[in-house]
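Here come two complexes built around chain A, the first alongside chain B, the second alongside chain C.
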Partner chain A sequence: MGPIDEMAKTTGAWLRSGGPMSDVVISSRIRLARNVKGFPFLAKAGETERKEIFRTLTDRISETDIAKDSVIIDFEELSALDRELLVERHLISRQHAEGEGSRGAVISLREDRSLMINEEDHLRIQVLASGLQLDALWKEINRIDDLIEAGIEYAFDPRFGYLTACPTNVGTGIRVSVMLHLPAMKLTQEIERVLRAARDMRLAVRGLYGEGTEAIGDFFQVSNQTTLGKSEEEVVREFAEDIIPQIVDYELRARETLAAERAYQLDDKVWRAVGILGNARSMSAEESLFLLSHVRMGVHMGRYKAVDMGLLNELFLQTQPAHLQKLHGSPLDGESRSIVRAEYFRRRLGGNN
Partner chain B sequence: MGILCQHCHQVPATVHLTDVLPSGEKRERHLCEACAQNEGLLLKPQEGITSILEKFVKHGASVQQTAKLQCPECGISWREFRSQGVLGCPHDYEVFAEHLVPLIERAHEGASTHVGKVPASSGVSAKRQARLVQLRRELAQAVEREDYERAAQLRDEIKAVEDGPN
Partner chain C sequence: MGPIDEMAKTTGAWLRSGGPMSDVVISSRIRLARNVKGFPFLAKAGETERKEIFRTLTDRISETDIAKDSVIIDFEELSALDRELLVERHLISRQHAEGEGSRGAVISLREDRSLMINEEDHLRIQVLASGLQLDALWKEINRIDDLIEAGIEYAFDPRFGYLTACPTNVGTGIRVSVMLHLPAMKLTQEIERVLRAARDMRLAVRGLYGEGTEAIGDFFQVSNQTTLGKSEEEVVREFAEDIIPQIVDYELRARETLAAERAYQLDDKVWRAVGILGNARSMSAEESLFLLSHVRMGVHMGRYKAVDMGLLNELFLQTQPAHLQKLHGSPLDGESRSIVRAEYFRRRLGGNN
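Then we have the complex of A and B:
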């Protein structure tokens, strides 16, 4: 049984619950985009060069303590389902899972670190944590970056900074992302205003799985887009001290307002979600995220106490398509997945229904 | 047939104007093409078309020149970059700098200069980096056409550049 089969049974570090502001902030993530000096970017790299980049980077990483308690995964030896599972766990991007040619990742067994090799850039280092923990993440990713750089030269230019395949990442190559759960602002219809304000500040607001995904079930991912002219610390500080605490504050106030003025409506949402999850006979991934969002809100607001956050996080992850198939032990089409998913929820939440 | 030109009274008017006088009163004028041109109301046709065409061709040429702009290291053209959105090698930032800077500024709130972390070893010359890109590209091509003798040569050269003084 490989490390990925083991993974499917648990939740990753970022979903293991806890962490500062975890009643609103699900997880924090920082990534750095880097390219190895002396190689073309991937658009102009042939298979020979891709292989060499892969080898150069995995060799270098193996010489450092990053390799300890990590697995080096060659995607050409990994099934599509396993790659999809890594996407659901936020360890790799969908683009990376669906890419071609020599590529892979070095993933820590604790799942708090993932280095993607030959994605859009030669190297994308990312670190993850539950709740709002950006300062700690920055320290850690900076350390990892230094370790790798001590034995490899990055493509760097004094004027443009770290050179990346896409000029939208050039400079620091940093992307800070925070995943937020904002159900109350959705119910009070304040969400659009806040999201608009975020976009005006040149922040990207996306869904659960990053680029190109819709916000489903009140889960939003907020990230910076500017990587030039602003230091890494500045971006991190803006997020940690300003942007995120403000959004969290709005959400908590919306929750208070709901509890004070429309408690019956709030409880109705929570209990309907509990009822459907415990009784449905077929359920899409999208519907389950929507319902889990409401249950989560109920638990965080102390209005529903029959489940704890650990179980919710587990259900959240394990009912995603690839996890469901992995745990079921065989591939399932969309319709069968909906049936198996409903069964799974009934077993975990519905008692004897 | 419509009205004759109010100026020469010989040719049917094809240019119809409504002037608004300072008093607010409207005055209609009907002129033939030749008289309208004489009054400076119309461009002479040859001139007009030629100059418009000329501008168009000149503009087209500069757009084409930009599109043809190509990186000598990785071979990517500006057109290729614009259609796929990603660059071919680090050297492109230098080759395309003039055209790239406006795009970069738009993407980064007006900034075009790096602020932040600098790698410890950033003193290494860009030239050497460019040379390595080129050698590796040649190596890849040599391997592809199964020219292993040339590939071995190139590998030695790459090693020498890699290990050489910065």
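Then we have the complex of A and C:
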């Protein structure tokens, strides 16, 4: 059994729960985009050059202490299902999983760090934590970035900063993302106003699985869009001290208002979700996210006590398509997945039958 | 406590369950429309004449054995809530409940017979039974009609037959209605074809509460539209021997197909309904009909055994708005009804909480 199979059974760093503001903030993530000097950007690189980039970067990483608690994964030796599993664990991007040619990742065993090689850029360094922990993440990613840079030269322009494949990443190449759970604002319909405000601030608002995915089950990923003109520290501070605490505050106030004025409506959402999860015979991944979102709200608001966040996070991850198939031990088509997913929920949530 | 309060606690004839084909046919009903000779139709009658019609008919009924096991109800002495309760029990029409002026009904204690006075016609005789029992009902209504006619003269034209307020009832004045539960055809989407065929045969297809109501929760009321040109016996025979058995056959075949080919989909509907009914904190009357419809299908198909039809029928009736308020002991607005309805379901279906 390889490291991916071991991983598949656990919940991973970003879903480990806990951390500051974890009743609203699921997880924090910082990513840096880097390219190695002397190689073309990937769009212009042939397979030989891709392989050389992959080797150059994994060699360099192996010389640092990053290698100690990490696995180096070559995607060409990994099944599509295992790559999909890494996507569901937020360790690599969907684009990276589904791409072609020499590519891979160096992933820490605790799953709080992933270095994607030959994704859109030669190197994308990513660190994750549950709750709002951007300061700690910034320190850590900075350390890793310096460690690698100490033995390799990045493509850098004194005027523009770090050069990247996509112009939106040029400069600091930093992307700060925070995954938020905003069920109360969804119920009170304040969410649209907040999302509009976020977009006015040039923040991107996406779903659970990043770019191009819809916000499902009241989970929203907020991230910065531009990396030019602000220092990394400024971007991080803005997120950690201003933007996120403000959204968290709105959500908590919406929860209070709901509990005070429409508690039955709140409980109705929570208990229906519990009733459906414990009884359905077929369930899509999308619906399960909606339902788990409502149960999560109930747990965080102290209105539902029969499950804890640990179990919820486990259910959340294990019922994603790739995890479900891993758990089941064989590939399943969409219809079968829905049946197996519903069975899993019934077993774990102790439904009537 | 009056007879209505006593009634409110029971299930009533049409929902008593059992009877032929009761897995698909909820209930059968035959109605005759009659007017008393010498009085104008109600549209042209003043209040004095309405009162006189009411007295004439109740006097006549009191002379027959119909009076023995019945209550005579004067709607002017009845609250709107109690009238609404009679509508929910299918003993009077909504139009009758909400009308004005002298009017009422003579209702058998077993609730298998209701004589509406001053509804649209001076007299509407109605008999009800669970399952498909049109022959027995036809004998019974014929007997009642003759009993009354033995001491009163109906408005009758040798050429047209019985004269009625609305031309569609002229002739025999008969309306045969059968309430069907067709959840499988709804799921397999065959329902539209069947309903179209029914309409082509000049049958009316309506919802649970007759004219102008939508089919909710897969309950459909099928009735004849014209009363001219066919004898009563022909209309009854056509329903009892041809139309209804054919629809029942379609539905049963659809159920078999579903059970054989998509059992999990069927169970999913049933168990979701069970899960929601046992856990929701707020529920509209409409949603509860949908959910009870699915549970009913599960019970009839032997896929769900934790409740019996008796309990289901009781839940079905007791959670209707007027019954719910009667049960609660005080008037409730729509929002409160939804909360009390959900509470009632949780209590009776032994949900988690």
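As a working rule, the second predicted complex is superposed on the first by the 351 of 353 C-alpha atoms of A that agree within 3 Å, B and C clash if a C-alpha of one lies under 4 Å from a C-alpha of the other, contacts with A are read in each partner's own complex, and residues count from 1 in each chain.
Methods note: a contact is a pair of C-beta atoms (placed from the backbone, for glycine too) under 8 Å apart; a residue touches a chain by one contact, two chains touch by 3 or more.
Bear in mind the structure is a predicted one, so any value in this text is a computation, not a measurement.
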item: Larger contact residue set on chain A - chain B or chain C; value: B
item: Which of chain B and chain C A:281 touches, first, second, both or neither; value: second
item: First (chain B), second (chain C), both or neither touched by A:271; value: second
item: Contact residues of chain A, present in both the chain B and the chain C interface; value: none
item: Partner chain B, residues of chain A touching it in the complex; value: 35, 37-46, 48-49, 52, 120, 142, 145-146, 149-150, 153-163, 165-168, 170-172, 174, 202, 225-234
item: Complex contacts: residues of chain C adjacent to chain A; value: 264-265, 267-268, 271-272, 274-282, 306, 339, 342, 351-353
item: Complex contact set, residues of chain B against chain A; value: 73-76, 84-90, 93-94, 100, 103-104, 107-122, 124, 126, 128-129, 132-133, 136-137, 139-141, 143-144, 162
